[in-house]
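In what follows, structures are represented as structure tokens.
Here come two complexes built around chain A, the first alongside chain B, the second alongside chain C.
This part shows the complex of A and B:
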């Protein structure tokens, strides 16, 4: 992964990234999770272009309302596009149908191209909405919201622990990487490089495993017996009602546009 | 065997690792009320192992551990020991696993069966008593090393233990943070076992010193 994208891959910590306060912050986290999930579900199931274009519009609007940082958002969307780019390139050539153009004897079909565009629209609509509604939550709040939505405890704790220790493991990685550089290690395409990187990853796994054992010990020392407790209270307010009243018809509209 | 003045009494304790070999051989040890025992010794001598054995995180090969009025053998019996002997780990990052400071400090009291409001109150009071008021909503992994150390101490003290087991508490602290830790520990009433390589730290705190070398405990 190129360096400028490496960052967005490993450093989602929610709380560390500052964002401007916006009206989205006043909406109850649980409601945001539920609405974003419904929106994603509807968008993914939609087939009509009109509906998908509206969905992208809604995503953009939400992103504007949430006053997302332009640079950061672009970087994240770009990170996703890197993921999809091969799909988009390959689809026209692999989908059977009316020939649109051909390169080196391979014919690209119009159906394949349209299919690729549909996937692209879906992905962008969903990602923009997620960034606006859920990306603006801190990881802790998101974890608690999920717990209150009756998501199994184990999954929520898995997420919270990941958020807590991703940074520690990331730092460990950087520390070892720096130590390697300090001994004149340069990435090359040879056996030495592959082996060294293999050691690095293996060491990271071993360290993480050992750390997890120490954490478990530390928790036992403080009387942990398998149960966690949540602190914050979450209550629905007038603003949440207003948001639901606006957003539900939008969702219905998205569904409806499919049947025009 | 029981006496009101003792918290821990250990007789004939042995432990060996598969590859490191014997690290403790027939060790006897006693911790009395009001004592601050320093435990020194070379790296890998088994100091941390010894502390782990005291609270049952590892199982001794031979020997008896008598703690807080009872002989302790299995996991269940050690749960109470852990509640009364606060363990401060070498690396604060191992101990601070909750996202926010307040949650982390309240974790122990909640496990001891306190209600949410009580636990929060205890957590706030403990933080205030250590001069860490205002840190409640801070994110644990964004604290400095010295701050992390004080928060882990608060997390342990919030359980109101009778004994503190400190595993190299002054590691990686700067002069100021280290002195602050010493002053705080001196003001606490708890009996302590302090594992440390820091001679001055040990001099300022301990009431007696033991050295663990060649699998045996020696009085200094």
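This part shows the complex of A and C:
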């Protein structure tokens, strides 16, 4: 995969990614999570082309409404495409069915091609909607929304912890890599590289573990009793009602188009 | 190693979701609130570590490290990996949303199996034996994960058979690299912080 398409988790910016305010931000986070999940579920279960095309259209529209950063979104969508391109190209040739066209003596079936297109449409519709409705939330707000949606407490706490420490551990990793670079370490395809990276990961884990022990002590010191308190109060407003009134018929339409 | 939304058939998606829910429930049950920061920080560390790209020929592969995750977290690997995959899906658009269950199962189940299979091996008093078990865990988890990905694809349609086989072959270098990397990581952790892997210092230093 080319460098610029790689997801750089090591420079996780979580909440710091620049993001324009948009209408989507006025919608209640819980509603966004529920609607995005329903949309994803319906899209993945849909079989009709028309319905999937509409779904992609809805995804694009939501992406526009959320004012997603064009470059960043394109990069992410492209990275996803790179990921499945192999599968998509192979499908027409491996699916049995009447020959549609042939290249180099390999015959491609129409069924396989259609199947490939269906997968492409579904994947794009879902990814655009996710990035537009949920990806624009800050991770903390998302955690709170999930907690309010009755996702188990521990899971939400775990997510909040993970998000909180991604940045810290990412810094730690960069620091260690800098130290290796300063000692002229270059990544290669040999056992020395793999051993050094193994040591790096081992050390990263040990540092993280020791840090987590300090965190635990600090939290206990402040009276941690295995519970976080969620201070925000999420209330549904007029805008949420409007959004539901528009989005629910769209979802019904998507389901309905399957039965035409 | 993620599968995108839309590729798998409904029964496969459902089975994946149910089994992952069970695994996560078990993982959460075994993890008390005192261990929350530990699991959280470790899963953040794995999230970061799994983005390290190692060159291989003209291309590069990224580590998955689910063997090491299993050794470090046991059943807690299920919730930790679910969260990592969820964050990737919603913030990076990487992987899918409805296939989250299948993807988590494919990566977390091998991790748990490695935990049970190699836990005693890496506690051996001989560093060499421990390193070999570490390598088995590292490579074995990738083999299992690839096989599970291949099976989930094949169950979803015969058209995927070739792609499934190709996935397995394409991941052979990853298996070798993960083996070496996990073995070295295990060796280092044994020396630096033996308690991490459930070792007491006396056993390591004899």
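Assorted remarks:
The working rule: the second predicted complex is superposed on the first by the 237 of 260 C-alpha atoms of A that agree within 3 Å, B and C clash if a C-alpha of one lies under 4 Å from a C-alpha of the other, contacts with A are read in each partner's own complex, and residues count from 1 in each chain.
Keep in mind that, in the parts below, contacts are C-beta pairs under 8 Å (C-beta built on N, C-alpha and C of every residue); 3 or more make two chains touch, one makes a residue touch a chain.
Since the model is a prediction, treat every value here as computed from it, not as a measurement.
Applying the stated contact rule after C-alpha superposition, one finds that A:246 touches neither chain B nor chain C. When the shared chain is aligned, chain B and chain C each come close enough to touch A:161. For chain A, the partner with contacts to more residues, out of chain B and chain C, is C. Contacts of A:131 after superposition: chain C is touched, whereas chain B is not reached.
When both complexes are overlaid on chain A, the residue A:208 reaches chain C alone and has no touch with chain B.
Looking at the shared chain after the overlay, A:219 reaches both chain B and chain C.
By the touch criterion defined above, A:182 reaches neither chain B nor chain C.
In the superposed model, A:139 makes contact with both chain B and chain C.
Touch criterion met: A:112 reaches chain C, while chain B stays clear of it. Taken together, the two structures place residues 139, 160-161, 163-165, 168, 211, 215, 219, 225, 227 of chain A in contact with chain B in one case and with chain C in the other. Considering their complex, residues 52, 55, 57, 79, 82-83, 86-87, 89, 91, 93-95, 97-100, 102-103, 106-108, 110-112, 116, 119-120, 139-142, 155-156, 159 of chain B touch chain A. Looking at the complex, you find that chain A touches chain C at residues 1, 6-10, 12, 14, 36-37, 40-41, 43-45, 73, 76-77, 79-80, 83-84, 86-87, 90-91, 93-96, 112, 115, 118-123, 126-127, 130-131, 134-135, 139, 142, 152, 154-155, 157-166, 168-170, 173, 187-189, 191, 193-206, 208-213, 215-216, 219, 225-227.
Remark: chain C residues 2, 4-7, 10, 13, 24, 28, 31-34, 36-45, 47-57, 59-60, 62-63, 65, 68, 72, 79-80, 82-84, 86-94, 96-98, 157-163, 166, 177, 180-189, 192-193, 196 touch chain A in the complex. Residue ranges of chain A in contact with chain B, taken from their complex: 15-16, 139-140, 143, 160-161, 163-165, 167-168, 211, 214-215, 217-225, 227, 229, 231.
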